[in-house]
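Notes for the one structure printed next.
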Amino acid sequence: MIAAAQVTYTAAQAWSDLAQIGPIVAVTVALLVAVVVDLLLPRGLRGPVVTVIAIVGLVSALAIAAYRLVNGYGGPAYFRFVSGDAFALFFEMLFALIGVLAVIVSSSYVRRRGLYEAELQVLTLAAIVGMMSLAAAGSLVTVFLGLELLSIALYVSCGYNRIELPSQESAAKYLIIGGFASAFVLYGMALIYGATGTTVLSDIATRVTSDSAGNPLLLLGVLLMGVGFAFKVSAAPFHMWTPDVYQGAPLPVTAFMSVATKAAAFAMILRVFNYGLGHLGPEWQVLLAFTAAASMVVGNLMAIVQASLKRMLAYSGVAHAGYILVGVLAGGRAGVAAVLFYLFGYVFMNFGAFAVVSTLSGPAGDGDLYEDLNGLAYRNPTLGVLMSVFMLSLAGFPPMVGFFGKVFLFTAGISAGWTWLVVLAVLTSVVSVYYYFRVLFHVWSPLPEAPVRFAFGPVRGPVTVVLLAGVFAVALGPLSGFLLQVGLNGAAPLLSGR
Amino acid sequence: MLSAIWILPALGGLIVCFLPRGAARVGAILVALAELALTLVVAATFDASHHGYQYAEQASWIAQFNVSYHLGVDGLSVWLLVLNALIGALAVLATPAAWPRASAFLGLMLLMESGMAGVFLSVDLLLFYVFWEAMLIPAYFLLWLWGEGERPNYAALKFVLFTLVGSLLMLVGVLGEYVFSSAHTFDLPALAAQPPSPAIQFGLFALFAAAFAVKIPVWPLHSWLPDAYMSAPTPFLLLLAGVMGKTGAYGMLRVLLPLNPHPVNWWDWNWVLPVLAVIGIAWGALLALAQRDLKALVAYSSISHMGFIVLGIFALNAQGQEGALVQMLNHGIIVPALFLIVAWIYARTGSRDRSVLTGLAPAMPVLAGVFLVVTMAALGLPGLNSFVGEFMTLLGAWQLSPWLAVAGCIGLILAPIYMLRLFQGAMYTEVAGPPDHPAEGVVRKDMARGELALIAPLLALMFVLGLYPYLVVHALPALGQGMQVLHW
Amino acid sequence: MQALALAILLFPAAGGIFLGVFNWRGSRLLTAMVGPGVIWAAFVCVLILLGNNVDQDFTYWTWIRAGSFEVPFDILIDHLSLFMCLVITGVGGLIVTYAVGYMEHETDGSYARFFCYMDVFVLAMLILVLAGNTVFLIVGWAGVGLSSYLLIGFYYWRRSAVIAARKAFVMNVIGDIGMILGAFVLFVSYHQVVYLKLFPALPHTPDATTELAAFLLLVGGIAKSAQLPLHTWLPDAMEGPTPVSALIHAATMVTAGVYLVARFHPLYDATIYAHAAVAIIGAVTALFAASIALVQTDIKRVLAYSTMSQIGYMFLAVGIGAYSAGLFHLLSHAFFKALLFMAAGNVIHALHDDQDMRHYGGLWHDMRRSSVTFLAGSLSLAGIIPFVGFFSKENVLGEAFSRGDGLGYAVWFIGFVTAVLTGFYTGRMWWFAFWRPASEERPVAGHLHEAPLVMLVPVAVLAVLTTVGGFLQIKAIGGWALVDDFLKPVLGEERIRTNGLEYLATVLTLVLAALAFAAAYNFWIRGTWSPAGWRARYGWGARVLERKYYFDELYDWAFVRPLDRLAGFTDREDRSLIDTGAVDVGAYTERGAGALSLTQTGFLRSYVLVFVAGVVIAAVLVLWRASS
Amino acid sequence: MLIRRNPLVMLICIELMLNAVNLTLVAFSRQLNNREGQLFALMTMTVAAAEAVVGLAILVDIFRVRDLEDVDDLSELKG
Amino acid sequence: MGPATIVFWLASAVALAGGLGVVLFKEPIRNVLSLVLVMLSLAVLFLLLSAQFVFAVQVIVYAGAVMVLFLFVITLLGPVREQGTVRLPWQIFISAVVIAAFAGFLVAMLRGVSYRTPDAADPIFGSVQSIGVGLFTDYLFPFELTSILLLVAAVGC
């Protein structure tokens, strides 16, 4: 009889493992309840109830994450496949926050567009579970599964608006290229597994030492995974999908995707590259340096000539990916903390901008052109001012968080020796000011006589979201010291491996 | 106390933005005058003997990078603060009641004033940079939404992009300073104590100088000025021309020189900039000669005047730099007066073209008299304020190298020519007859009492600073220790 | 005493401000009272100071302090400055009282404005004279330039006046810059600004810095005293009202250059070339101006050129080291030139502002009193025996003659020739304008009403001074020299020992000048040598003189026109070179972006292709990095 | 995948690539003699299946709207 | 040349042929069938690598269920041959070049790998029991994740 391998897994340890990944559990529970409720309730009630459940789940996840972040962080759980350390908690808190915002905005958007609401919330919840597990991943397997769960949830939500072709086209494009890229990642992971013999990141970290740079398996693995990650972060040579998908997908999905995927992808890069393959530094840094430089240039240049707001914001996302890559390249505690800080700030800047654009969309379709913004400041002053705040923050003007993010990123960059990249970043961000100010031009240009395409009704939901995002964007500027400290704590566990 | 100086206009500005037109105007005036009083109190109680920063306020802001919210005022910045507050108050008062969207306009003006006050106050490099950029945003909106001329947005965008290229390069400089200087802090005096190696200083100098050169503007980077000044509305122009240029020059004195005392690598920067300044003086003067529009003439003349300031700063000796500071104050007094007068002439005659304007003196004798005094001050007539600055700047430059001073004198020779063309072009050409029976066409529209009251403080300052510059100068030796590069 | 010294300045300042700001629309009487009264008050203060024999440097407050460069606001009271103050306030007071009458047909506003400007001028002149340090000297220097600009351009509804004013001001600014650079050199090499500290610091042997400083200060002197290179503004300055010409362009301002050299005599003693240059410029200008005066038809222009010529004499005197002789000639010139201007003013006033001598004639008969005074002035100008002009001019020429070296004789000879020419054009002016029977075009045919009392009294006083003044210093004929003794404490010992010969020279010049004056009689009146005949034969000479040796055209061609062209060039250059440079950058980025956006074709397969291309590039990079 | 124009075929190619990865994983698992590789292979299978399902669903949606058999037709979003 | 190596060469040849077939056949149905062929040959290879459970799953689940679904969808949507306008003429040429470069890299990199000869596999290595134990102890978390993944896929379509 083949003796079964004896594995001890006591109940106590089960509970402690569960506690480590508290937020993920909360969101999963919410997801399951939502699915069940979606089936049982009559048509009318479904949408709002699911939204409420989603919000409750996310808020509780947020609470758990915050609570754990405050007093003591956990260690690895489930045989080091996932860990509850500060880094993971930081991101879980971030994703829960994004989730809450996204759910509010999408519920009112969907209702206005006459779409079917419940499924979208479920998909968002699923995506968040994927992201959280990705951020908390302890092993390559979890990374891959989190990535796939996130991607598939997004493929579906991109194609959510079944009636209109652009939405489906964006979903199809995203799926095919996404599959292609995840095949690359998978193959890279297989090679790393082949070379190191284990998929657990902490073991990989110990086994990969600086002298093992010669091992071709590792090199190829790094290359392929680097390519896949760059795709996910929509860095330059692999960003081709971003504008089309952002433009095609329904607006709240684009908003969620632009912010959440970027954050999750960067968490993944930090986990795998900075932590796992720390000693292989020079190799993957060259790769990321190339993509960073390319994405800064391409992102900013392309954004100038865009006519559609969503495409412009997509390219600005590509550019910002380039800036954040500088932080990743810098590595070290300052670098990682700068990345975390910038991601937190970027979330609010970008999400706020998208939310403002989403308030423009009426039953007829998304208000996507610059002209739709004309005289926004006069029609709805709060939105106008807040849009200006977001644009200025994205452009990196001081009182707002964008500036401080850039300062920390560039300081880490320069002290790590990437001065040429920082200078390139600075010059390209001057170009970025041009198209951010073009938005300001339309927002503040005097009210045109011709009625704008979308006179939009009362939009309390997204306006509150925008307000919240705006307050965060401005308030975080002066309070950046506090947030940076949180980032530094988050970065600590990551680097303990090295 | 010092925090109040920049918070008061900031808060005031925000509040005024949302007040209705009437209340906004009154509120703005109150805030501006309170700010002026505050700065005057600081200036009055400023004791010149004490070296280093007074009224220093320090609180840690971002501990990880030991960035501290550190404000302080010393000989250099105390009078610039007063100038900022004074010109701000005048600008608010100069806004006519029937100004479109007045409350937003006044609010943004106060915000800009608070930004500039912040620049003069901050002793921490990062805080300096934050205020440096923050003052740009209201300036963009003011220049664009209320700009005259055919393409205000083009001018505003050009202004912002020009300044931004400079200031973002400065950002790299600021961070480079933090990284490369062994002090690993953003505190100016500490950074000045341990400057990095000359080669790094060379690079950092270039980065910082880019930002300040655009702002002042120094010769090759000045092409934004004509567009910006021509399309700027008059009240905003007072602040833009009067004070914003000075932040650049102040930055040079506060940040650029102490932090990189000898930026020598391929070439010595301390030699490049005085030459550029002198070219700027000549270039600005020549351009002013060629202008037909009065406002453009004054704009270009201010390039020439700013050239003196930069020349003084880079004379790297006591006379030169003190002359530069005095010249900053003088320019900050004279240019707003000139722009006010040009605006009043424009209001009365409807045109700014030097050749079209016929003799106005008989119609407005008081305006003619005031215009005469201001023109004389502008061309540096000894006895009035501008001479003191120019004399000491040229004296400093002479000690640097006689040829620089001689070249600077070109500006002195050209100044009377274009200033008198400005004055006589408007006032005296083809006057129909002796003053008591002016030509029929010219309706007697002399200066109103309000306008006179507006320009009176500037006139008084011109005389006071002309006859008793010691009032300002005695504070100078108590410059911050950051200035030890200057072998007094 | 300190307060009194400051009072000299405060009186005219107060007057100027009061008239300028308050009394602008006030009563004419008040203006008439305040204007001259303030100057007489200053005169009284000067007298008091003179009486108490004050010789002190009063410091009031620190003007500028920048490290070692310390400039106090201080007034230096010594015999030289008191001497100049006497001239300024005394003659100035007379002229301003005369102006009360001369300007009465002006409107209220302009009347007050005129006196305000006059007071400002006197203030500036006093600052110039009383300044105790180089920087304050420059302040006074430019103040005088400003007030001359204001007064020349007083009739601003006349375009020519406005142009003349601007021209004068720009010339003065060039002079100011010379002064400023001179002050720099002095401060940089001797680290002193206050006279009393600066002069002892000066070396006694001539070296490069003293030469340079002296030359630069000389540039200032030349511009202010309208000497040769920078003289073109003086004739045009006649656009201003006659009292202005009298005060500024005869008595005070133009003599500033002489005062400057006298004040900086330790510096000039320590130089050879600069000192000689002063003399040469003075002599050449004297000759040059006298020659032009021969052909001028406007009475005020004749007087202007004669002023230029007389100042040439003064420069000649200080240039050869005879400082007190120069100052004595300055004093005498102030008397008779102011007299001539005011007398001419009376005539112009009577003939309704007609200044052309050809329309005069028959004045001896119609305006006897003014003619008498004018005769006294003319004789003094020509240098005839009893008048002050003779003594001061001969004194200068005597000093030049007895200097003994080459420079002395050359300069003396030029002075001698100029004296003859002066005699001739003065005679021409007298006979042609006054003695000749009334010409047809005379605006007022009948009996000319003589000037009012307020205009005649100052003229009479000056006439008396012109005749009596000579006896102050009759050194020319071997007598006592009061002026030299008065100025000895400041200017030091006389450098030139007089030998017997120069009396001979003096007699020679006297006789020839008298003959020239007489010759003018039959040249213009009896017509033995008809003017037309001369003009036919030496036509070209006349034209050259009339066109003032084409200096104006030269300056215009050399400076004014190229400046405008250069300005136009820079304006175009600024737009094309720098402006488009910046804008192009924006355009290129835009075009680059456009090209890039073409790659976004929308075809899925091209995206995948770019993706794989990216992978290949990344692979190359990683390989290169791994191998290096 | 780069050459074929039919979206369905593209999905098949992706499946092929994932199969290839499975092969390498199992091979390495055998070589390193630990079972992680095989477990990972199982995981990839489920993921591949899920992706195929979703892919086909989306393509069916597109086909329902208009009969497309060439992926290049999908090019409204560009520029 | 034991029987195992023969089977190995045979199976890998078939897999290669199937792969080419998937890419080159014009008819979609032929592509799917060749993919099934590839999957089966892979299953045989798995057997050789003593991964019995994976072999079983591959054959039953993957080859069976997924491929059948593909077949079904293709037949539903009309298996028409590929033709119509060729929108991107240069696409084929450039992609060929790129693919060649990429393959070159793969080969160059992998040639240098030194393979360790695997030691003898104990009997329960690839068996269902060891996979089962592993799945429910070490891989517990990923297992749960896959369940969520499938749930989403179900909701999605």
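All chains are identified by letter, namely A, B, C, D and E, in their written order; residue positions are counted from 1 within each chain.
Here is the rule we go by: contacts are C-beta pairs under 8 Å (C-beta built on N, C-alpha and C of every residue); 3 or more make two chains touch, one makes a residue touch a chain.
As the structure is a prediction and not an experimental result, all values here were calculated from the model.
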Chain labels contacting subunit A and also subunit B: C
Furthest chain, CA centroid comparison against subunit C: E
Central chain of the complex, centres being mean CA coordinates: B
Separation of subunit C from subunit D, taking each centre as the mean of its C-alpha atoms, in whole Å: 98
Centroid distance [mean C-alpha coordinates] between subunit D and subunit B, Å: 65
Gap in Å, rounded to a whole number, between the CA centres of subunit C and subunit A: 80
Geometric centre distance via CA averages, subunit E-subunit A, whole Å: 31
Interface hub residues of subunit D, defined as touching at least two other chains: 1-2, 5, 11, 31-32, 36, 39, 43, 47, 50-51, 54, 57, 59, 71-72, 74-79
Interface hub residues of subunit B, defined as touching at least two other chains: 161
Touching two or more other chains - residue numbers and ranges from subunit A: 141, 145, 148, 152, 155-156, 172-173, 176, 180, 219, 243-244, 306, 434
Contacting chain pairs - touch in the sense defined above: A-B, A-C, A-D, A-E, B-C, C-D, C-E, D-E
Of subunit D, residues touching subunit E in the complex: 2-6, 8-9, 11-13, 15-16, 19, 22-23, 26-27, 29-33, 35-36, 38-39, 41-43, 45-54, 56-57, 59-60, 63, 67, 69-70, 72, 75
Residues on subunit B engaged by subunit C in the complex (per definition of touch): 158, 161-162, 220, 222-224, 283, 286-287, 289-291, 317-319, 322-323, 359, 361-362, 365, 369, 376, 379, 381-383, 387-388, 391-392, 394-395, 398-399, 402, 405-406, 409, 412-417, 420, 424, 427-436, 467-470, 473-474, 476-477, 488
Subunit E partner contacts - residues on subunit C that touch it in the complex: 603, 605-606, 609, 612-613, 615-616, 619, 623
Complex contact set, residues of subunit A against subunit D: 140-141, 144-145, 148, 152, 155-156, 159, 162, 165-166, 168-173, 175-176, 179-180, 182-183, 186-187, 189-191, 193-194, 197-199, 243-244, 247-248, 306-307, 311
Of all residues in subunit B, those that touch subunit A in their complex: 60-65, 67, 126, 129-134, 136-137, 140-141, 144-145, 153, 157, 160-161, 164-165, 168-169, 171-172, 175-176, 178-179
